[in-house]
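Chains: A, B and C, in written order; residue numbering restarts at 1 for each.
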Amino acid sequence: MALLEIKNLTVEFETATGKLRAVDRVSLAVDEREVLAIVGESGSGKSVSMLAVMGLLPWTATVTADAMTFQGRDILNLSPKQRRQIIGRDIAMIFQEPVASLNPCFTAGFQVEEALKIHTDLDRAARRKRAIELFEAVGIPDPEERLGHFPHQMSGGQSQRVMIAMAIACNPKLLIADEPTTALDVTIQKQILDLLMKLQAEQGMGMIMITHDMGVVAETADRVIVQYMGRKMEEADVLSLFEKPKNAYTKALLSALPENATGDRLPTVSDFAFDEAPYTGAAQ
Amino acid sequence: MAQSNTIITKGAEAGTRRAMLAEFWYYFSQNRGAVMGLYVFLAIVAIALLAPVIAPHEPSLQNRGAFLVPPVWEAGGSWDYILGTDAVGRDILSRLIYGARFSLFIGVVVVSLAVSVGIIVGLVAGYFRGWIDTAITRVMDVILAFPSLLLALVLVAILGPGLVNAMIAIALVQQPHYVRLTRAAVMGEKGRDYVTAARVAGAGHLRLMFRTILPNCTAPLIVQAALSFSTAILDAAALGFLGMGAQPPAPEWGTMLAEAREFIMRAWWVVTFPGLAILITVLAINLMGDGLRDALDPKLKRS
Amino acid sequence: MSEIVLETRGIKRDYHVGGGLFRPARTVHAVKGIDLKLEKGKTLAIVGESGCGKSTLARMITMIDPPTDGELFIDGKKVDMAAGDLTPEMRRKVQIVFQNPYGSLNPRQKIGDVLMEPVVINSNVPAAERRDRAMAMLTKVGLQPEHFNRYPHMFSGGQRQRIAIARALMLNPRLLVLDEPVSALDLSVQAQVLNLLADLQDEFELTYVFISHDLSVVRYIADEVMVMYFGEAVEYGTRDAVFSDPKHDYTKTLFAATPRADVESIRTRLAKRAA
């Protein structure tokens, strides 16, 4: 049984100029211990579908799906209270902007301990001990001292580590990483990706990696979903996707990578005639 | 973000101005109070413009046979004077209608005076920074440290009572707000890449200030202008009430209140109606200003 | 021997971070003496991570900020910003394209005005000709004439970047400084913009200084590469020399950290994961 299973998810936004369909009949499933990458360019709806899972969309959004289950349990029609019990504990999420994701008014330690306070019944001392453990686990040097630091005293990479510590605080079964390294430098990106993969393997988490970067996909994923304009274009395991992409859009995307450049100019997506977002929702 | 942009692009094929206006109206009309405020305000403007046509009497015509006539629905009221008459037999309704002209005139003059001075001073402060900025901000801080009405009162006392002087005084009291707003907005915009790009293209100081930066600072200024329009009316009424603003027999609402002070106990209508007129106008403009803020502020964040 | 368009000798820039209530004032050396020479028609890529001083260097080359020390030569002529205003002639020679396409266009200016502004400021070309030139440039960068009267918010990131490039080219500059011009763009759009830059370089014999943190883009576009680390040039040479035989440790770390999207490395990774 899949850890998270979504069938025909559609998300629409109410805007000044009418309805906007951000996600169009997308189905996906993640198993335990599996890393699924959702790759797409801006406007492909890759983040929106995961925010829908987390129940983090603004009220202007309408979410519909044939099914949305986590460990076999329906999560589409949860009350806010039930949702809070699952989210943050069993499903955790980290975001693109680590510095903006931390509250600047509180110390890093306070924020990690707060996450523990909400989802566990550890007492104060135990929480602090666990926070130190977590900081060690995510590779923050001098954890005891770092707990007392405010977000502005930390670099982007450090902040992302704190975010990861908060996310894994309650041993989630599924970690959703929304462009976790986009705001970071390449060397830091490498460290964070390595850390995420290490934690994923150690804790046996399922992971959804949302990214626009084919390099990140290649370095992390087991299975890949390519999204374009809110629709799923292709789903394949990582090797076959890079080796022999089936969908024209995927092909275009891969050949637009500068490292794959063969001639004097790069092939662009418009050089490839592809059917604009075919309906692939039938993958049951 | 990109998605909403493409939608706007499509909608904009027909006419960019109209599309922007339509978007503005969408956000503005989300706020019902604002729409109501707008309608009331438009009605007041219409009344002011058409005053000679709709007013049943001359505003300063005294009828010696009808002192303190109550409004039509009270005992002793008459259809000649729908809202009654004042102590010297002038029709209150007509005076209120003409008073709308005063109030709007005051609002327009005060706001344009305060805005134009405030923007230039704020622009200079925010653009050049350094000692000139420090000097300007200190002066503005000093002005803001006084209770605004008190300062206006002192200024009018120095300049001499009268409507024009009252307007100048109120404008002077209000312009620090514009200076501050403009300065903050200019400082925010000055570091943006498009300003640097204009600099690299060779644009001089004046061009950078007025053509490049200023048009991007207008949204908060429009909101502030709308809100201080009502403050101006209120302050002018207060000065009028204290005898320092428009002088009798001008049918200015605040002045009308002042003249009616001694009849509060005997003839409630002479004070109530001017008071209500001020209340309704100020409320309408404030509601409208809130709507403007809703419509213009998210736009700031998005671009 | 072709002509040298850009040369810097020991160019430096310090920032004085003002002392706050609890901190003493200190000096940050953002760029610590860079020497470089760039021939006409070539592309120099400056690579480094955030805070390495690459953007500061770009701003000095573009004559936005004056260097604290050192000399800058454009077309063999020494640039002296301290001695008073730059001549418009000098300023015209170097133009810049910024990273963020959403911040680099004036939101209240129509595209046509964006393109014509540099011409208005720097010459007395009559309005009709100005318009023609702007139109021509608009089509050259791959946009349509009907875009002329639209506002920036109606364009996508890639289109805006095209507009920014068009604006930079309106004054026929010798040198174009590209400060991360494609890093805010989607992959497919990035390819289009890179192609456009290559086309324009061929057509106008432009010289590029291309600032980037993305090694795969640099490898594709650059003739020469400079790697910056904490304000210093730790590696400087031709593209092939730098990529095939990096000398400095930092360069090696940088190469090792860059994600690889080729089938071989995926296979290796999966094998390691299965083990």
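Note that a residue touches a chain if its C-beta (ideal position, glycine included) is under 8 Å from a C-beta of that chain, and two chains touch if they have at least 3 such contacts.
Worth saying up front: this structure is predicted, and the values here are computed from it rather than measured.
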{"item": "For subunit A and subunit B, chains touching each", "value": "C"}
{"item": "Farthest-lying chain, centroid of Cα atoms versus that of subunit C", "value": "B"}
{"item": "A-C or B-C - the one linked by more C-beta pairs in contact", "value": "A-C"}
{"item": "Whole-Å gap between the CA centroids of subunit B and subunit C", "value": "47"}
{"item": "Rounded Å distance between subunit A and subunit C, as computed from the means of their C-alpha atoms", "value": "32"}
{"item": "Shared interface positions of subunit C, touching two or more other chains", "value": "157"}
{"item": "Residues of subunit A whose C-beta touches two or more other chains", "value": "42"}
{"item": "Multi-partner residues of subunit B (at least 2 other chains)", "value": "2, 6, 8"}
{"item": "Of subunit C, residues touching subunit A in the complex", "value": "49-50, 157, 186-192, 194-195, 198-199, 213-217, 219-221, 253-254, 256-263, 265-267, 269-270, 273"}
{"item": "Residues of subunit A that touch subunit B when the two form their complex", "value": "15-18, 20, 22, 42-43"}
{"item": "Touching residues on subunit A, where the partner in the complex is subunit C", "value": "41-42, 185-190, 193, 201, 212-219, 222, 238-239, 242-243, 252-254, 256-261, 264-270"}
{"item": "In the complex with subunit C, residue positions of subunit B that touch it", "value": "2, 5-6, 8-9, 12, 16, 20, 192-194, 196-204, 207, 212, 215-216, 302-303"}
{"item": "Interface residues, subunit B side, partner subunit A - complex", "value": "1-4, 6-8, 11, 22-23, 26-27"}
